[in-house]
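Below are structures written as structure tokens.
Next come two complexes built around subunit A: one with subunit B, the other with subunit C.
== the complex of A and B ==
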């Protein structure tokens, strides 16, 4: 068995199983825990509270005007590499083929972006990821807040990106070897995903919505 | 002077043979220029190559076909018009090939033994086909000898071994799962001779010729890649040299063999083309005297020059797919996740309840 066969065969299957098990485990646990019972009279009805939840989801996803000078750049970089990652993962040709195969759909409507666009976005995203790391290390508060989880989550995302860029540009060795390392790093990301901060991909918007909903029900301005 | 030295010095040079056959200098130089270009030599090397090739003595070649389909030999010997590649192939002293030989049976075997003895330690051994080792090698026998024994004996007296085709190089189709004959490539049996793999199913004739020319002109083995193939021919992927590559870069793909994309000649990646993981000279040297290659004819590359190409999944599955035929494992993981989540939530609520009960008891006491 070659390294590529191993990466896209048993290792990928194992990583996906861990990913699915871990993600569902964490989501189901939270759902089953339920909400704390509130004994006071709700200040707003269900509809208004749900609208409150949605409002908070939007407002918390944008820098607060009072702090925009301090947090704006960081948020812009954050948005930048997240958007880059999404576009590359969802519209890069080899990835689209992968998703179609994973979900078992032919999906002729699923478009792919020209390789040149994906290449440019990949380099930009790698650059932004590097800036994010430099900022995390150099910012005194961020540095104190950071732990292994933050650095490892960054490292594995960065590795997936760099090996992908290397495979596309034919750097560092034969295509199938670099492709194998790209898939192996992706597999490690899948395995790590449910147990680290990468899980924010599933939690970030629901938690904001729930907080907004509960605050709205209590009549608290957010 | 040994018998083989005598035998070698009595052989005419390739230049003498070509002159006898009426090959003009101009035609010979054109061939040498093409070969130099094919082998990525600088232009000024052409005359040196021509001189060395003309002066080279005809090497004795023993061509041993084992577990194979004769497709490689067809590729090497058949062409629409007699080319200088054919002439070169004729020029070498092909002392044994039981497919091409007029002689058969005992006479052919006697000729092989005689040629091997006369050129012991000097001849080039060309192997075509894999070697079955299962059940003591009885799946492949010739003249009362198993292929394994024939190969071992022939390899003992060879200066170098040229594995023609994917079967001899990597096991090929006989080696594919479940490999009922226990087929193996030459490199799994012979370890003490230089081995050059010229893989492909079949290999490109010009690649084969180029490898022979290199051996004749330099007397050595060319630079090889990690699979023992000449780097000059197998150094780049089909994908990197494919004329459809620009469509890949533009994101234009044929989705089926009869859609608009296919008619427009767009990239065949989504139809399973193995170009990105296949290393060969098909896209540059091409087939049938430079007419075309499979992708140019509208079909994706099947990766026939790579090890285990027959076991890499369907030929119509893209390189990055063919991964999830059985989704039961993922379904099982999802079910286990739900069960684990429910159990974790239950355990957490039990812990919480116990803590609040303990706190209540402490307050009341």
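== the complex of A and C ==
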């Protein structure tokens, strides 16, 4: 078995299993803690509060005008690399082929982007990820808050991106070897996913919805 | 981290370090439902919450980052009770919280946090950081690490109903205020539709506000009473982080309201009293309350809407209004103060950060009572005073006596050209007979 076969064979399957089971476990253990019943007289009824929760789920994606002056740059960088990652993963031709093979489905209608566009996006995303790291190290608040999870999650995301770029541009050695490292790093990302902050992908919308609901129940600011 | 003059609550000086840690962590995990856990898990360490907090904005010191205030508790939760607790322990990813660390955090959780909730509005993940801080305060209390001023007042209030011993009992004091101002203030009536209470701050500092409340209720012909058993509106148990004392203090008011058959508990101009009574009392009592709880501005705005209260127009002096955090941002009393100001014809110059986004007075959450916090409080307050100056306002109104106290102190300290005034007093002075 070559390293590439190993990466996209047993290791990938193992990583996917850890990812799926880990994510489910992390969510289930939270749900097991249970939800309280609230006794205070609500200002807004159930429907209005639920709509409030749903609204916050979307509205918190854009900073309030009172804050945007201070947080705009951070938000822009964050949006930048997230959008870059999503486009590359979902619309880059090699990735679309990979997903089709993995899940055994062929969706002819699924669009792909021209290679040139994806290449430019990849370089931009790598650059933004470097800026993210520089900010984390140099910004006093971020430096103070950061822990192993923050740096390792960054590192593994960055490694996946860089090995992908190297594979596409034929840098750093044989294509198969670099591709294998690209997939191995992706597998490590999958394995790490349920344990650290990457889980925010699953937490972001429920958190906004629940807190938005509770605030709306009180008629408080969201 | 600055050293503090009195680190332990008086009653817990001899508590061993291990007990402190155990108490703190047990308490933090105690009411950990899915909602809190989800929020603890969701943080991505983006640091944006710092940009909402007046303590960070005033000092640019990263230790005042809101989520950092709960960081030891977050780590402890992940280490002890989260989905992968054994994994975190095995790899040493979340270190154990030490008693020293907890002590350091006292300043962060009490002296430099008003539980104002502004940070909760900026978080892109939607985390309600202020509520997590409230949980952490409770944990600190259990570890004997609540600031002693708050601890003492909470204990005294839980025992006697008054946060501080005074030669003249509070019911004598309120009766005296009535006599001095020639207004009848009903106390200890056996039954009434409305149970009123009063901020301790007003009894001591702003008796005119007590008179204004009595005058307005008299004009409306309200069937109300104060009760000497439950006079004080503030809840020091809430400030200190004591769930038991907070409950006990709230139960005094609940029991008195039940006893007289009140349909309404009227919260005076006090923001934290509103949070404690309107939103938390029923949760601590574990049942729905048989009466409504309303802030005095809500109550009066309802009277205006129903045509029972009509007000004269005031002068056209430019006026700024401070939205008390607990009433507006956290409590949902968004429109009532503005309804009253409209009715009064107040020439309102809105602050750039208004309503839900208002900067805190920096005295809330018990900070007014923590003497050593004063220099830091002034720094945080400067932001607000500059903002008010920027509107060109000559009059500065608010609807919370704790905010008023904080601003009165700051205006003396900075020799500011304005003094905070009470919206209720303005209403009472302009009732159309």
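We adopt the following convention: the second predicted complex is superposed on the first by the 222 of 222 C-alpha atoms of A that agree within 3 Å, B and C clash if a C-alpha of one lies under 4 Å from a C-alpha of the other, contacts with A are read in each partner's own complex, and residues count from 1 in each chain.
In the analysis below, contacts are C-beta pairs under 8 Å (C-beta built on N, C-alpha and C of every residue); 3 or more make two chains touch, one makes a residue touch a chain.
These numbers were taken from a predicted model, which means no experiment stands behind them.
Student: Of the two partner chains, subunit B (first) and subunit C (second), which one does A:41 touch, if any: first, second, both, or neither?
Tutor: In the superposition, A:41 touches subunit C alone.
Student: Quick check on the superposed pair: does A:56 touch subunit B, subunit C, both, or neither? Answer first, second, both or neither.
Tutor: second
Student: Tell me which partner A:82 touches in the superposition: subunit B (first), subunit C (second), both or neither.
Tutor: neither
Student: If you count the residues of subunit A that each partner touches, which comes out higher, subunit B or subunit C?
Tutor: Touching more of subunit A: C.
Student: Of the two partner chains, subunit B (first) and subunit C (second), which one does A:33 touch, if any: first, second, both, or neither?
Tutor: After superposition on chain A, A:33 lies in contact with both partners, subunit B and subunit C.
Student: Which partner does A:141 reach: the first (subunit B), the second (subunit C), both, or neither?
Tutor: second
Student: Look at A:112 in the shared chain and tell me whether it touches subunit B only, subunit C only, both, or neither; answer first, second, both or neither.
Tutor: A:112: touches subunit B, not subunit C.
Student: Looking at the overlay, what does A:25 touch: subunit B (first), subunit C (second), both, or neither?
Tutor: Both: A:25 reaches subunit B and subunit C.
Student: Could you tell me if A:207 is touching subunit B, subunit C, both of them or neither one (first, second, both, neither)?
Tutor: Only subunit C; A:207 stays clear of subunit B.
Student: Kindly list the residues of subunit A that each of subunit B and subunit C touches, one partner per complex.
Tutor: Touching subunit B and subunit C on subunit A: residues 25-26, 28-33.
Student: What residues of subunit B sit close enough to touch subunit A in their complex?
Tutor: 226, 237, 239-240, 248-251, 253, 255, 269-270, 276-277, 279, 307-308, 312, 317-324, 327, 329-330, 332-334, 336-338, 340-342, 344-346, 348-349
Student: Using the touch definition from the top, list the residues of subunit A that touch subunit B in their complex.
Tutor: Residues of subunit A touching subunit B: 2, 4-5, 8-9, 12-13, 16-18, 20-33, 93-95, 97-98, 100-102, 104, 108, 111-116, 170, 174-176, 179.
Student: Could you pull out which subunit C residues touch subunit A in their complex?
Tutor: By the definition above, subunit C touches subunit A via 31-35, 37-39, 41-48, 50-52, 56, 60, 62-63, 65, 67-68, 71, 82-84, 87, 93, 117, 120-128, 278-283, 285-289, 292-293, 328-334, 352-353, 355-357.
Student: What residues on subunit A touch subunit C, complex-wise?
Tutor: 25-26, 28-36, 38-41, 43, 56-57, 60-61, 63-64, 66-67, 70-71, 74-75, 78, 139-150, 194-195, 197, 199-200, 203-204, 206-212, 214-215, 218-222
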